[in-house]
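What follows is a pair of complexes built around subunit A, which joins subunit B in one and subunit C in the other.
Now for the complex of A and B:
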């Protein structure tokens, strides 16, 4: 008798704990459900619908016509598509390396103590937070052939060129400007990530190295850099993903630089508005990105 | 002595470096401000300080004192005629106000503000519940959802643009201005949702569970805990996420340019500015003044939450 009572009670506790857990699970699902429905119906479903559309000749009015893989064939045999791929790679590589290096350099400076440091730190975030649309015109003015400062310095003062011209007027030069513009806009991001890592490095390693007579380069190479390796690796992959898909930063500055997003935009929303081909293009761009990420994760991060 | 000299060189070099970095970051903004205040004859002058201050651009954009400027004198005389009813008078002046010569900056500003505010507010509510769920409650499928949110980061806007546009066309939403506007509102909410979920999830995990336990023992239900304990505790994080989402929507160009293309009254600031720049060649003072006014709210919001935003940004990267 004396044994029975606690047994019953503990059974009841288990049952109660079990229903509590089910209740908890149900509550968790209730809370996440709106997010799941929204993301499912407005992100996942459209992507599947995009695959479906890429198999059709999409009409703006009336029914779509099934054409199988014709859109893909059209895209892949078009030399301007391959040119866009090349431009995208140049853009992504240039911007990623540029932002990471400049971010690293700026972080190494900002980690030191100097007067007005917090003001300076706030000021250099401005490019990152200001809306793209509000800064593109200032950059365009900078390269304006008539009034811009760039021509004033290179033509009037240094006599580097034979006549005034717009540096963003031709595709070859414009891609360089687009890269510099993107570096300017996003270096604060990599700087912030690197700075927060730098600040958490323990000082004792440096002190020991100093006693051993290490040079500042050696200190950077053997103490700082290994600590930063992971954060730099993640900056690179984030920047690759974002810059590969960049649209606004390029298109609003100049429509001369046809990276894939801009190329697709022109195909799908100007002229004949070939949205079927646009859908195929968007999907190809996505697959290229996934391919690159898998390669990067395996070969560079060696996961 | 030698050491001292070397030190001085080092120090000046260091300050020059800081000066260089700050100039690189800030110069485009200074140029913007300077140009918005310059008269046309002054545009080619490389100095950043205007020879004469010109406030016309700001006045025009903000609609100060320009109400009747475009109205010819003959019409003005007609307006003074006492025989006219008020409604007639208003319809006449209205004709002259919307000549298209004036850039309806305030209306675009209003459109942008309404879209960004509503979208990020709804997204914040949905994300608070969702983030609480997957950061605090154990259930099957939680891991998939968490990873799924990260996966969504990889999708560029262009991948969603065509299918969503097709859906809007086929469902008839894109046929009316209000339908397009609502579509855009929903899209902005969706676009800011993954970021909000991710940032809030990270934050909720940093709140000690013991606080919730105490509330549970006091007899609070789970839902009460969310709005009595979690929300008050995470107000700084919530406002940061809200402002971040607001900034995403405020900056958005791609979807707005497609959905609002044929509804000029509903333009947001980014497409309005771009259209202004394309339609009229080189009216630099107005373009720059509009740029400054577009950037100002975002910069102010940023300054309010600077500290939180910076730590939020660095806690694992945020979608752009």
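Now for the complex of A and C:
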């Protein structure tokens, strides 16, 4: 025998459930509203305003003039833009490979037990936690062509070079110094991430490999590396994002290395102060980065 | 009406009248909060300026002044940004080129500046500095001249004497001396000229270019940058840059001179205290930090072994200097402009003015005749003026009367030059040529193209 629920009561239950869902949704919206407002005003609005500005000849005094896609055309036909893109690629590839490999190497050493390991581990973090401006000044003193320690050792003492030169100041060498500086400053981050993963690898795999007579390389290749694959993958993508937009390290150390962020700064805030082109450049830089991330996530991280 | 109610009404009326009376009284001294931007960014100078401001605020409690130090190279973009944001400071201390740039962009309250100049009295100022800030509409001023310096070549007179060389005051004598003293294998360099894309490079270059009669504009404002005379000056400058210390250089490299590693350098009279005082020099780049390195010791006799060549002659004599001005920006509130006026007048009073100038004896020279002649000014706390002597100081101040700039041709001021200076077109060109080995003709064409964008 089936019990018939009166239609009115059933409707009431549906309506009540419906109302409850709506209220829950409203409550949910109320909860996330502060975040939506903050993200909207601090991230979405500047991006949209940047896109809007890129369509104008921006006048710092007076009204802006609408010029359509002219800023993009000017940027893409400017050889110095493509030079900046090339410099950025060299910088990003050099620093990403350098920080990851050195971070990996140091982590592999630091995972072993040895006296004063904790002290050494703490010291390795120093370049990463020191304020960038103080570190930059130290490097500038170090490489000063007349009084710097680098020239004193390599030229005065070891006679490695024919004459003194400014390693940081020279437009030809500056990008190499900027890469070395970033590797030195940022490798502790990669080291920390890799070390934390290394410490959680189960030792039984290594013991089994040892019984099978595996060499150190084989243990690294077939046990350690697969365990580290996604950590290294994440480090690479983070480093690419950070270094693609890196400004302060490069600009403070030397204004000779025109990576995209520095090039954009010079376009927008110095010389003829072309802020419309600056906005177009920022958007192009954003699109280049998004393109890389999509490719990387799909092909390398296989998410 | 009940008694308590009556009492309350009477009390309220009394209060209203009293407040009204006080409010009316306060209208004479409207509260104002303004910003004073200064290019004196060194902490000791900022604290001196802050002391001057504190005293002013003590006398005028209704006015609040915030002191904001801004690097001179950043000033144009900071002003542009705050103008775009509708948030301009009331007063800014900048070089006269920047004043002309801001004034011709319509940012300055020129009426107010002219009014204060007239109230102080035009005849109280030295005529040269005042004329550098006079707009093409005669009698109207972009800003108020406040202090100034002149530039020249500071050189090791004892080295020159021993080598039998003439003082570096002609193209030939400068080049010959730079070549003679350039001994890079001994870590010694011939000269310092600016090669980094900063204002310093333009300051050095201007004096050389004008000595070759090379100009950027004709007196009627026509752009003539890419001329044979200018090319000759650029080539000569690039030649001198070969005797520089390695790498792109700016004024900071004057420390190499103090360390006795350089024979001569372009610099303003700001160097006088560094040369005269061992303690000032010790705080400099490396004398203290690298005392084990060769030649890093400080020679306290440097002041007597240093000569100054303020005039360079080639086709004509050329001197260079900068007048630093107090700019009054247009304000939304009349009370803020009134506060700026009051503060500026205070800054010209003898005590405040001399205190300000003594922050950099020799570098900051007065533009008011009475102050230049006063004993109070000559008696600087570090005793630097005494080391140089009154005659030398007076001759430096007199030099302010005759400084030559790209922006003034035949006594006529060309406002567009202010923008060319602010945008560092010439320093960028110099950097391309001396550091990137760019072709002189191509770099000059590039610079002229950039200038045309501004002029047209």
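As a convention for this text, the second predicted complex is superposed on the first by the 269 of 303 C-alpha atoms of A that agree within 3 Å, B and C clash if a C-alpha of one lies under 4 Å from a C-alpha of the other, contacts with A are read in each partner's own complex, and residues count from 1 in each chain.
Heads up, the rule we're going with is that a residue touches a chain if its C-beta (ideal position, glycine included) is under 8 Å from a C-beta of that chain, and two chains touch if they have at least 3 such contacts.
This is a predicted model, so every value here is computed, not measured.
After superposition on subunit A, the partners subunit B and subunit C collide with one another.
Judged by the touch definition given at the top, the superposed model places A:81 against neither subunit B nor subunit C. In the superposition on chain A, contact is made by A:53 with subunit B only, not with subunit C.
Put simply, more of the residues of subunit A are touched by B, taking subunit B and subunit C as the two choices. Looking at the shared chain after the overlay, A:168 reaches subunit C, while subunit B stays out of its contact range. In the superposition on chain A, A:270 makes contact with subunit C only, while subunit B stays out of contact range. Contacts of A:122 after superposition: subunit B is touched, whereas subunit C is not reached. By the document's definition of touching, of the two partners only subunit B reaches A:135; subunit C does not.
In the superposition on chain A, A:147 contacts both subunit B and subunit C. Touch criterion met: A:234 reaches subunit B, while subunit C stays clear of it. After superposition on chain A, the stretch of subunit C that runs into subunit B among 41-49, 275-283 or 401-409 is 41-49. On subunit A, the surface patch touched by subunit B in one complex and by subunit C in the other comprises residues 60, 141, 144, 146-147, 152, 269. Those residues of subunit B that touch subunit A in the complex are listed here as 14-15, 17-18, 21-22, 24-26, 28-29, 31-32, 35, 43-44, 46, 126-127, 129-130, 132-134, 137-142, 145, 148-149, 152-167, 169, 186-187, 189-190, 193-194, 197, 222, 247, 250-251, 253-254, 258, 269-270, 273-274, 277, 282, 284, 287-288, 291-292, 294-295, 298-299, 302-303, 306, 310-311, 313-314, 317, 319-320. Residues 24-25, 27-32, 34-36, 38-39, 42-43, 46-47, 49-50, 53, 58, 60, 106, 109, 112, 114, 120, 122-127, 129-135, 137-139, 141-142, 144, 146-147, 149, 152-153, 184, 186, 188-189, 192-193, 195-196, 234, 238, 241-242, 244-245, 247-248, 251-252, 260-261, 264-265, 268-269, 275, 278-279, 282-283, 285-286, 289-290, 293 of subunit A touch subunit B in their complex. Contacts from subunit A toward subunit C in the complex involve residues 60-61, 141, 144-147, 152, 163-166, 168-171, 255-256, 269-273.
Interface residues of subunit C facing subunit A in the complex, by the touch rule stated above, are 77, 80-81, 83-84, 105-107, 184-185, 187, 189, 197, 245-248, 253, 256, 259, 261, 285-286, 289-290, 293, 296, 423-425, 428, 435-436, 450, 453-454.
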